[in-house]
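What follows is a set of structures to go through.
Two complexes follow with subunit A in common, the first pairing it with subunit B and the second with subunit C.
Up next, the complex of A and B:
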C-alpha cells in the first residue's frame, strides 16, 4: 500500500490512490473537512485569531484587487505596474516557503552545520539570477517562461515541453506544501488535517481566481513582512539570552547536541561527495529557474525595475537566511533538553520540523507561539497562491491561448480559463493533500528542484546565450532530461528502496540533478549542432534580433507605453 | 522594430555595451560560483577522521576548526555569514553599475538608432 501513492503520482494517477482507499476513509475525510474536532480544548485560540486576522485582511485586498483585474495582463502580471521594492518583498514571500523557516531549522536541529547548505547554496542562486538572467528575462518575457523560449523557436513543441514541466513542477511543489500545511495545522491549531486542506484550497482559489496577480502579490508582501519580523524577533530573544554573544549560543548548542562539536562542522548530512555535489547543483541551478519566482520579473515595468526588485529580494532573502544561522542552533539550545517539548522517549514532539515552532514558545510563550503559527500558515498559503498562479498561467496562456487557440482567443476568454484553472488547481491541491496524508513526502521536494535545474535552467540559459540552439535540440534535450530525472528519482534510494521496499536501489544517488542536468545540456547542444533543417537556419538567423532586444529592452512587452 | 534591431546591431557602441555588461556579469558570477563550490567542497569532502589527508580534505577541514582556542564557533559559520552578506554586496554593486553607467550607454545606443532611422526616412 505504502509504495502505491508516489508511483501513482508519477503516473498522474494519484486520484486512484485516493479513490482506491476504503469508502469509510473517504467518509471520514469528508466529515473531517467540515467539522471541528470533538475535543475543541486543543484548538489554539490565539493562533487561530491571528490567522483569521490575516485572512480578513487578505480577503479585503482580494476584493479590492478583483475590481482592478480585467485583462490577461492584469491577471498574470498585475499589468506590469508593481514597483521594485514591493515586487522584491513579494518575491521574498514567494521564495521563503515554510521549508526555509521550519525545514532549515529542522535540519540544523538534527544534523548541525550541514543544514545551512539549504540556506547558503540556494541563496547563491540570487546573485546568479541578477547577473545572468534578470535583465534578459524582463526584456524578452511576457507572462510565462514559455514566452521567452518561444520567441525564436517553434511555438507548439516548445510550449508543450515548458508548460508540461511547469505543471509537474507546480503539482510536485503543491503536494509538499499542502501535506506540510495539514500536518502543521493539525499540530498547531488543533484542527483536523482535512479541514486545513479545505481552508488553504479555498483561500487560494479566492485569491487567484478573483484577485489574480495583484491579490497574490499583496498576500505575499504581507506574509513576507510577517515572516521577517517574526523570525527577527525570535533571533533577538535567543541572542538576548546570551547577552548577544554568538559564541555563547553556539557553545550552548555544542553542550546540548549529541553531535557535540560535530554540530558546528560540515559533513554529517549528505552520505558521499557525489550526492553532496548533485544536491548543490540542484539547489543553485534549480533555485535560479523556478517558474513561479521568475514570473514575478514580468510584473515590473522594465529591466531597471526588474533589477531593483531582484536587489530588494536578494537583500531580504539574504537577511532571512542570516537569521537561519541562529534559529536552528537556538532550537538546539532551548528545545533539545527542555522536557516541555519532548515526548516520553526524549524525542522532539511533532518531529524536528517543529523545532522552530517550539523555539518560539520557549522564547515568547503562547503569544509568540500563536504568532509564529499564524505566520507559518500564512507562509504556506502565500506560496501555494504563487504556485497556483504559475500553474494557471501555464494552462490558460501556454496551453489554451497559444496551443489550442493559436493566439486567437479573446482576453475575456483567456481570463475565464485562468480562473477555471485556478479553481481546478485548488481542488487538485485538496485532493492530493488528502491522498498523501501521512506519507513521507520529503522526497517530493527533490522533484520540483530537479525539474527546474534539468529543464528550465538549460532551456532558458541556452536560448538566451547560445546562438546555435534550435527547437529540435531544445525539445529533445528537455524531454530526455526530464525523463532521465524522473527515472533516476524513481529507481533511486528514496523511492525504490525506502518507499517500495526493494533491497537495493538501481540508481545509487538520492539527488539526480547533476546527471539529469548534464544529460539535458549535452543533448540540447549535440542535437542542435546536428540540426541542419531550414527551421534551424531561420532560428539561427533570428538570434541577433532577440539579442538586441534582450540587451536594450527595445520592443519588450509593456515597456514602452508612450 | 526589426529595422531598429539591425541598426543597433551594426553600431559599435552596442558591442561596447555588450562587452562591458558581459565582463561585469561573468566576473561577478564566477566569484559567486567559486564560493558555492568552496561551500560544496566543505560539505562533500569534510574528513570523517583526523588521519584523512589530501587537498580537498584540508580545504574542508578548515571549515570545522574553531575560530579561537576554546571557542565553539567554527570558521564555517563565519564563512557562511560572510558569503551571504557578500552576495548581497555583489548584487548591490551590480545594480549600481547596471542602472547607472550601462543603462546610460544603452539609452545612447537606442538614441543613435532612432536618429539613424529618422535620417533614412
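Up next, the complex of A and C:
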C-alpha cells in the first residue's frame, strides 16, 4: 500500500517524539491540550472573541472552498485562477510571520537603530524575485519548485533532493512558528501552551486538507488585511500623539531610551563583517527562494499576473516594514517608561517580544490589545497553513505521484495523499511544538533560511539561467551544499558552544549561508562542466526549448490551450 | 510544441527581446544589490556616516533616512520593471509568438 507510506512515516516519527519525553510529561501535556487553565481570569475575552470571529469566517470559507477543490490543480494552485492583487496580498500573508511584527519591534525596542537592519535587509529578496525569477517561474512552473528544476533533468534524483530539502525547510520553519505561537498565545490569551498547539494544528488540517490552496489563499488574504490595517492603525495613533510629526516621535524615543541619541545610530548588534554579509546573503537569497512563497506564483494564470502579484506583494511588504520603523520607536516612546507594562525590576512584562502588543494597549486600550492579539494568532495560523500546503505538495506531488508512482497516479489518489499528508504535518506540528516547548529555538530559524539559500536558490537560478547545468551537477552540488550547511550549523557557535556547552565552536560563524551557498554553486558548476555523459548532452540540448518557454510562456501550465 | 519552440528560437527578434529584457533585469538587480549592500557596509565599516542627523532641528539620522530610502527605492524599481514589461515586453512577445504560429500554419 504505497500511498500509506508518508502517513506511516509521520506517525512513526511522532511516536518516537512521544516516547522521548517522560510519561508524566505526556499526561500533563495531554491534559493541558484540552482543558482551560485553573485561573480563567487570565483569559483575555476580547481577544478570544475576535479570534473566534476570525476562525468562524475562515471555516466558512474553507467549507465553500472544499466544494471547489476537486482536482490536483485546485488543491495545489487553486486552479491557477487567483488574480494578481489577491495573490500579492496572500503572498504578504505568507511572508509576514509574527516575527516580522513582534520580533522586529522587539529588536528595535531593545537595540534602536540596529533593529532596523532586520526590517530593511529581508526586503532585498523582493526586487530580486521580481527581476530574476517571477516571469520565468510562472512560465515554467506547475505545482512545486521541483517541477521547474526537473523540467530538463532526470526526475527521480532531482525530486529526491528538492523534496527532502523542502520537507526539512517546512519542518524547521514549522517548529519555530509552533513554539512561538504557543508562547505568544499563552501570554496573550491566557490559554495553556499545549492548547494553543492543538488549536493551530487542528485549524491548519481543516484549512489545508479540505480547502486546499483556495482556503489557504483566503486565510492568508484575510490575515494580511488584518495585519496591515492593525499595524497601520497603531502607527496612526502613535503619530497622532505628535501631531503627525515623525521627528516628534523620534524625539520622544530619544528622550525615553537609555541609549539617548544612540537609539538613532548604528550600534553593536551587527556582528563582525563576515557574519553580517553571510546573514544578508541568507536573508536575501534564502528569502527569494522559499518553497511556500514560490508556490504562490503558480496560483495565477500567467506571467503578467505573476508580475502583478510580486509588485503588490513588494509594495505591501515594503509598506509593512516601514510601519515597523514607527512601531518599534513608538514602543520605546510609550512602553519603555510606562509602569503599566513593567515588572518590579523595571523590565518589560513578557519580554521585548511583547513590545508591539503593549504599544497596542497603550494606544487603543483593551479593545485594540484584543484585536492585535487576534491578528497575531491569525498571522501564525496563515503562515503555518502556507508551510503545510507546501509540505503536503512535496509529499504528494513530488514524492508520491512523481517518484513512487512515476506519474501514473490518478488525480483522486494524489488529492487523497495530499489530505493525509496535511493531516500528518498538522499532527507532527503539534507533537514537535510540544516537544520543543521552552527550548531556545532561535537557531532553528537559521536552518530553513540556510537551506533555502543553499539548495533552492542555486538549483532554481542555475537551471533557468545556465545552459550547462546537468542533473549530476545539480544533485551533487545540492546534497554537498545541504550537508555542509548542516555540519557548519551544528559545529557553529549556536549549537556546538551555546547549546551543547563545548568551550569553543569548531566553525566560527553563526550564519553559514555565505559559505554553504558558495560551496553549492561551485560544486554544481564544476561537476556539470566535468559531466560528459549522454544524459548531460541531452539535458544541454533541451535548454533552448526551456528557454523559449521561460521567455514566452508558450506551453506553460494553466495557460490557454492551443 | 517543439516545432514552435524551434521556430521562435530561430527568430532574431526573439533573441533581441530576451537581451533587452535581461539587460533591464540585471541593471535593476545591480542597482538594488548596490543600495542594500552599501547600507549594510556603511553600518559595518563606516557607522559614523549614519550617525549625523539630517539637520540641526531634527533627531532623525542619515542612517534611518537611508534605511527608508532603500526600501522605497526597491519598491519603485519593481514598479519600473513591471511598467516596462507590461508596456513593451508583453506586446513584443505576443507578436513573436503570433508570427511563429502563422508561419507554422502556412
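We take it that the second predicted complex is superposed on the first by the 541 of 562 C-alpha atoms of A that agree within 3 Å, B and C clash if a C-alpha of one lies under 4 Å from a C-alpha of the other, contacts with A are read in each partner's own complex, and residues count from 1 in each chain.
In the analysis below, a residue touches a chain if its C-beta (ideal position, glycine included) is under 8 Å from a C-beta of that chain, and two chains touch if they have at least 3 such contacts.
This is a predicted model, so every value here is computed, not measured.
Steric overlap between subunit B and subunit C is present once the structures are superposed on subunit A. By the document's definition of touching, neither partner reaches A:105: not subunit B, not subunit C.
In the superposition on chain A, A:356 makes contact with neither subunit B nor subunit C.
Touch criterion not met for A:374: it reaches neither subunit B nor subunit C.
Once the two complexes are overlaid on the shared chain, A:206 sits clear of subunit B and of subunit C alike. For the contact definition in use here, the residues of subunit A common to its subunit B contact set and its subunit C contact set are 113-114, 116-117, 119-121, 123-124, 126-128, 130-132, 135, 246-247, 250-251, 254, 261, 264-266, 270, 273, 276-277, 280, 284, 304, 307-308, 310-311, 314-315, 318, 321-322, 325, 544-545, 547-549, 551-555.
Of all residues in subunit A, only 113-114, 116-117, 119-121, 123-124, 126-128, 130-132, 135, 246-247, 250-251, 253-254, 261, 264-267, 269-270, 272-273, 276-277, 280, 284, 304, 307-308, 310-311, 314-315, 318, 321-322, 325, 544-545, 547-549, 551-555 touch subunit B in the complex they form.
Those residues of subunit B that touch subunit A in the shared complex are 1-2, 4-6, 8-9, 14, 17-18, 21, 24-26, 28-29, 32-33, 35-36, 39-40, 42-48, 60, 63-64, 66, 71-74, 76-77, 80-81, 83-85, 87-88, 90-92, 94-95, 98-99, 103, 106, 109-110. Those residues of subunit C that touch subunit A in the complex are listed here as 1-2, 4-6, 8-9, 14, 17-18, 21, 24-26, 28-29, 32-33, 36-37, 39-40, 42-45, 47, 50-51, 53, 57-61, 63-64, 67-68, 70-72, 74-75, 77-79, 81-82, 85-86, 90, 93, 96-97, 101. Residue ranges on subunit A touching subunit C, taken from their complex, read 113-114, 116-117, 119-121, 123-124, 126-128, 130-132, 135, 246-247, 250-251, 254, 261, 264-266, 270, 273, 276-277, 280, 284, 304, 307-308, 310-311, 314-315, 318, 321-322, 325, 544-545, 547-549, 551-555, 562.
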